[in-house]
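Submitted below is the structure of interest, expressed as structure tokens.
Chain lettering (A, B, C and D) follows the sequence in which the chains are written, and residue indices restart at 1 in each chain.
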Amino acid sequence: MKAKGIKSIAVMTGGGDCPGLNAVIRAVTKTAINKFGLEVWGIEDGYLGLIEDRMRVLQYNDVSNILTVGGTILGSSNVANPFKHKVTVGKTTRTRDVSDDCVRNLKGNNIDALICIGGDGTMSSAAGFAKKGVVVMGVPKTIDNDLYGTDITFGFNTAVTTATEAIDKIHTTASSHHRVMIIEVMGRYAGWIALHAGVASGSDVVLLPEIPYHLDKICEFVLGRSKRGKRFSIVVVAEGAKEKGGKMVVAKKVAHSPDPIRLGGVANVLAGQINERTGLDCRAVVLGHVQRGGTPTPFDRVLATNFGNMAIKLLMKGIKGHLVVQKDGKLASIPLSRVAGKIKTVPRNHHLIRAALAVGTSFGV
Amino acid sequence: MKAKGIKSIAVMTGGGDCPGLNAVIRAVTKTAINKFGLEVWGIEDGYLGLIEDRMRVLQYNDVSNILTVGGTILGSSNVANPFKHKVTVGKTTRTRDVSDDCVRNLKGNNIDALICIGGDGTMSSAAGFAKKGVVVMGVPKTIDNDLYGTDITFGFNTAVTTATEAIDKIHTTASSHHRVMIIEVMGRYAGWIALHAGVASGSDVVLLPEIPYHLDKICEFVLGRSKRGKRFSIVVVAEGAKEKGGKMVVAKKVAHSPDPIRLGGVANVLAGQINERTGLDCRAVVLGHVQRGGTPTPFDRVLATNFGNMAIKLLMKGIKGHLVVQKDGKLASIPLSRVAGKIKTVPRNHHLIRAALAVGTSFGV
Amino acid sequence: MKAKGIKSIAVMTGGGDCPGLNAVIRAVTKTAINKFGLEVWGIEDGYLGLIEDRMRVLQYNDVSNILTVGGTILGSSNVANPFKHKVTVGKTTRTRDVSDDCVRNLKGNNIDALICIGGDGTMSSAAGFAKKGVVVMGVPKTIDNDLYGTDITFGFNTAVTTATEAIDKIHTTASSHHRVMIIEVMGRYAGWIALHAGVASGSDVVLLPEIPYHLDKICEFVLGRSKRGKRFSIVVVAEGAKEKGGKMVVAKKVAHSPDPIRLGGVANVLAGQINERTGLDCRAVVLGHVQRGGTPTPFDRVLATNFGNMAIKLLMKGIKGHLVVQKDGKLASIPLSRVAGKIKTVPRNHHLIRAALAVGTSFGV
Amino acid sequence: MKAKGIKSIAVMTGGGDCPGLNAVIRAVTKTAINKFGLEVWGIEDGYLGLIEDRMRVLQYNDVSNILTVGGTILGSSNVANPFKHKVTVGKTTRTRDVSDDCVRNLKGNNIDALICIGGDGTMSSAAGFAKKGVVVMGVPKTIDNDLYGTDITFGFNTAVTTATEAIDKIHTTASSHHRVMIIEVMGRYAGWIALHAGVASGSDVVLLPEIPYHLDKICEFVLGRSKRGKRFSIVVVAEGAKEKGGKMVVAKKVAHSPDPIRLGGVANVLAGQINERTGLDCRAVVLGHVQRGGTPTPFDRVLATNFGNMAIKLLMKGIKGHLVVQKDGKLASIPLSRVAGKIKTVPRNHHLIRAALAVGTSFGV
């Protein structure tokens, strides 16, 4: 495959849901058809559709009216990995490398290049395909904003907005009822959502995976507020936050459930602990999947449009095996190989942490 | 106390948080000052402030700019009951009737009438005060809309709106990722929020406390959808919904916590059970306190203004010991004694249930 | 045609845009198919499609995912009137009664009943068809809430919400910049939107078509606020409001435009007048079409679902020539003949006007 | 004055309203008190309060709960310029340089540094004060995002979000009623809001002040859509957009008004012109002041917090006469002297214009 000779591309979306996926699909498809006269294929349900050869040609009108719609018209699958595909025969499940089948399916449909919209896992496989000679372009997707190599990912602004609006609502209850409200937001390994939503909502305590907290410090802080007449506190906690010296709160298995389902994570544990130590009335709210869905914010629609547009333009310039990124305010790209297996966490001296500290926020340390 | 001679009133807010409390306080205060030249007192933290004689005169400007603000500027307390006030001496907690102290505090401040904004518990105490000769007017407050005697309560529309917007967001994820999403909304004894939010969001399954569900029926229904190509389902469940023959899912006690904190209720249990029986990917989201807070919707601001205004006008007409209500589209009032201890549940043949069934919604039966 | 023998129905939407149209179409279609096994036809572009025989069968899936979408999937047309259809031949335009063609088109497709979703104009034609023996059911639609016979129409709650949210935004600017902000909302003959949005936003002055205003009184009121230290005012004005003894502000014709386009109505005139008389900084905002569009509120989705469901159920009970209504909190219907040519205006002693006066609102009189 | 010796600062807000002003005031005040133990003064009504010596000490609690509130607790004034202060004596108005009075007022209150939050006009005066030896720090504020020297200003994201949400609402009406909807957004000299809201809403035509349009091209484009079955179009137009070879549509003077009040600008004119040339049904909506108000988005709250925090930190580092900026994704500052009199317009080859063109948007050329 040669970039210059690209006549047909395919696009797929992998991993968890993220507002703006449809906006990228739309920008990719419209740019490809409008500007370069390409044929565009949509692969169904992420890599699963690539493995199973489920893909269809996307017409211009197929991507009309999807800019503002959450989710992905292509479907996604969280688990599919073409290099370690799970195959269940009888009672045993084995993993098999079916990446060659994928390459064959692309060739069978005369597809010259593949655009993979996804997060860490999706990019690892994309890098694998690049090594196999497939012309690949990655588009970074994660509400957590923890993908290495890019300053920002679409979906993040929407997630922060959803989380902040929820905390805004909870604020008045905390204040009227003199409570410590503990709101758990997404972010298993990086605390970007908690940090931004915490600052945006003027929360009192912000707990990040990157800064293990001291329970004592938190209790001291909320009691201190109480003594100064502020008889309530708002605590925002990333799901991956953990106590200094402790570990991430493990999801408990629900009775009747074969898979572990998160049943009360760190927010619930903290509510119990803070209540026990301070005697203050504590309540936990776990925002959960609300953060992953819904209409993308205008910011994310613009970013997703830029990313989708850039992906096609780079491919047509002959660039391949790269990830579209925004770096220092500018659109660019970096090799997928440099991204694989890395994560972008919040640096302890990040300017927003310093600003938050300056306006009186506690990070529980 | 004689209604005709009312020169000074007091207002208090009791029970859980509810959008529109401030709007009622504003309407009460402005109507009392503007139209009748009364003095208005605000009692702090519900009945607790009445017991402890914590109250202050409210000026016109004190209630400026609070119409759109969630919570209550007076504060509230969930637990205070002047007829069974908990008093802790050393390690023992006893209940004591301190209602006479309350009456004395009102008289001490020359307060001629008391407006109690609250739910079931608040109205029971209000009825008690009415029996003791206090000139009382109740204003119904509950996001659950389950207060007997009134067709609608302020806060309900806001709660339904918040719940529906959350379900809207989750919808796209369910659809993109082929999941059964189970969203738990408030409603321990009545399913009004679940019913309205379920219909408003076009949810597939709606589970109410009033209609015990069959797990089999739910599983059958979501599998049926799956077979017809609808590879996802939205289940809205009231926190008080229970299985046919079963009981309400009991809140589990969190380690370290003296008080039971709800740690995964019916939505989490259902997610496990439906997954086990159908093999479908299931996720639970518990909306929680988000439903109780935030700016009231315009609908609730109008309703709260009407209620607050009506409370004063009724008092000045000499009516006492009543609850302000909206009945068949009209403002009215009924004796507090007729309300006490009753709850307004969803009738099984409610027109909205029938409409929901007609458009294909399952109630799990 | 006999109601009992109804096997196939058609549905159309007429008149201006209104949030909830799709929700009614969905409820009509799903109820008809689900509950009664009927065939459902969708007529395109209101009566125009009926005249031109543009209609198609609606399948169950055609109405999936439209509950939350503004507008109408069927299209609408503001001007079509089958009894006075405008036909242009050469340079002359005449009106012709094409209602018999419409009846023939319905029969040609074996359609047994017609559901007309629309406002005043649509219902007049619907009443005309009823007289001709067509089995007709009307569903009331207007954001203005001024349709006679029903207490409430879907779309109204959404319009009030949109208007109120806009006024909320403008509030802070008025306050920070010490301005008189004049916001024009829809309502040419009835002031329901202005009244509700005015009360919900805590506006200072509310001007309705039903209560001609005195410019002096308005100026006096805003100057009075200014003197009491409230250096700003919010004026909400219905587009049809007029000065005592004056008439509705006529839309000015824009250069280059064959049709008159509203170019600054009453809000702009008032801004000029109030500024001239008081010297205060005045600004006008005309909300316009924003009020007609967008996702319907949960309240309107529920109401629209009830209305659509009711329309089919009434038809199947043998009722015809009626309008579905909500009266005193209950779903019902009344003969179309009783509705024609009437409008529901705001009574001067409406309880919400009295409540607004009590909390200090001026109606400019 | 020596930066190292700063013990007391003053903060003021100038120019038009902008969401996030309070967030900056809060960050400035909290950082100053918390981190550096400074005294903080709030100047009322922009430079007017500085001229008239109206200022007050801000306590920590004065800035509690203002993060999410639109407007400015300090008040603003659009017109005040201390170097050309308008003084009216009898019937004549003259301008006078009262900047020395301002300096005297600062000294009189022992204020060591001045933080000016504002736009172009405010910064010109700030630069003037810097020349006079006042320790000044500017914080850029404009919803238009056209301030030179910074990539982004707070308020812009909120304005774009408000505009986009309005266009989203209008979209369904356009589509249902087959109309050309023309939405006028703010932006007299730069089209940033129109460009971003246009892309975010998937608008069909976007008209910027920087790219004079050809009426023919616009008409051709919307007719072309109509012929392809897209019987509607969305046109977003910045208030300062003008026809190729023409000039900005001048605001017309309203009868009775001493000051010119914009009465139908470019959107209304375009509606008339497009209708005349194409025969399509056209409607104009002028969003106006709604864009300047309301709760800032989480993005703007974070940005405003960063800016306010940075302003104090720079001052305490001894930097003065600068403007806080965000450049290439990083917080920084540049000399006020480099900013004065310049404006940041949209470059014709801006990547977002190119992306918009690629997805099929017309810029009317």
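One rule holds for everything that comes next: contacts are C-beta pairs under 8 Å (C-beta built on N, C-alpha and C of every residue); 3 or more make two chains touch, one makes a residue touch a chain.
None of the values given here were measured: they were computed from a predicted structure.
Student: What chains touch chain A and also chain D?
Tutor: Touching chain A as well as chain D, we find no chain at all.
Student: Where the centre means the average of the CA atoms, what chain is farthest from chain B?
Tutor: D
Student: Counting only Cα atoms for the centres, state how far chain B is from chain C in Å.
Tutor: For chain B versus chain C, the centre distance works out to 32 Å.
Student: How many angstrom between the C-alpha centroids of chain D and chain B?
Tutor: Here chain B and chain D have centroids separated by 42 Å.
Student: For chain A and chain B, what's the span in angstrom between their mean Cα positions?
Tutor: Centre separation, chain A to chain B: 35 Å.
Student: Would you please write down the residue numbers of chain D that are in contact with two or more other chains?
Tutor: Counting only residues that touch two or more other chains, chain D contributes 168.
Student: Write out all the pairs of touching chains, ordered by chain label.
Tutor: A-B, A-D, B-C, C-D
Student: Could you list, by residue number, the parts of chain B that touch chain A in their complex?
Tutor: Answer in residue numbers: 13, 16-17, 21, 45, 69-72, 75-78, 162, 166, 168-173, 175-178, 181, 252, 254-259, 261, 263-264, 268-269, 271-273, 275-276, 282-290, 292-294.
Student: Please name which positions on chain D make contact with chain A in the complex.
Tutor: Contacts found on chain D: 26-27, 30-31, 34-35, 67-68, 151, 157, 160-161, 164-165, 168, 196-197, 199-202, 297-299, 301-302, 305-306, 309-310, 312-313, 327-331, 351-352, 354-360.
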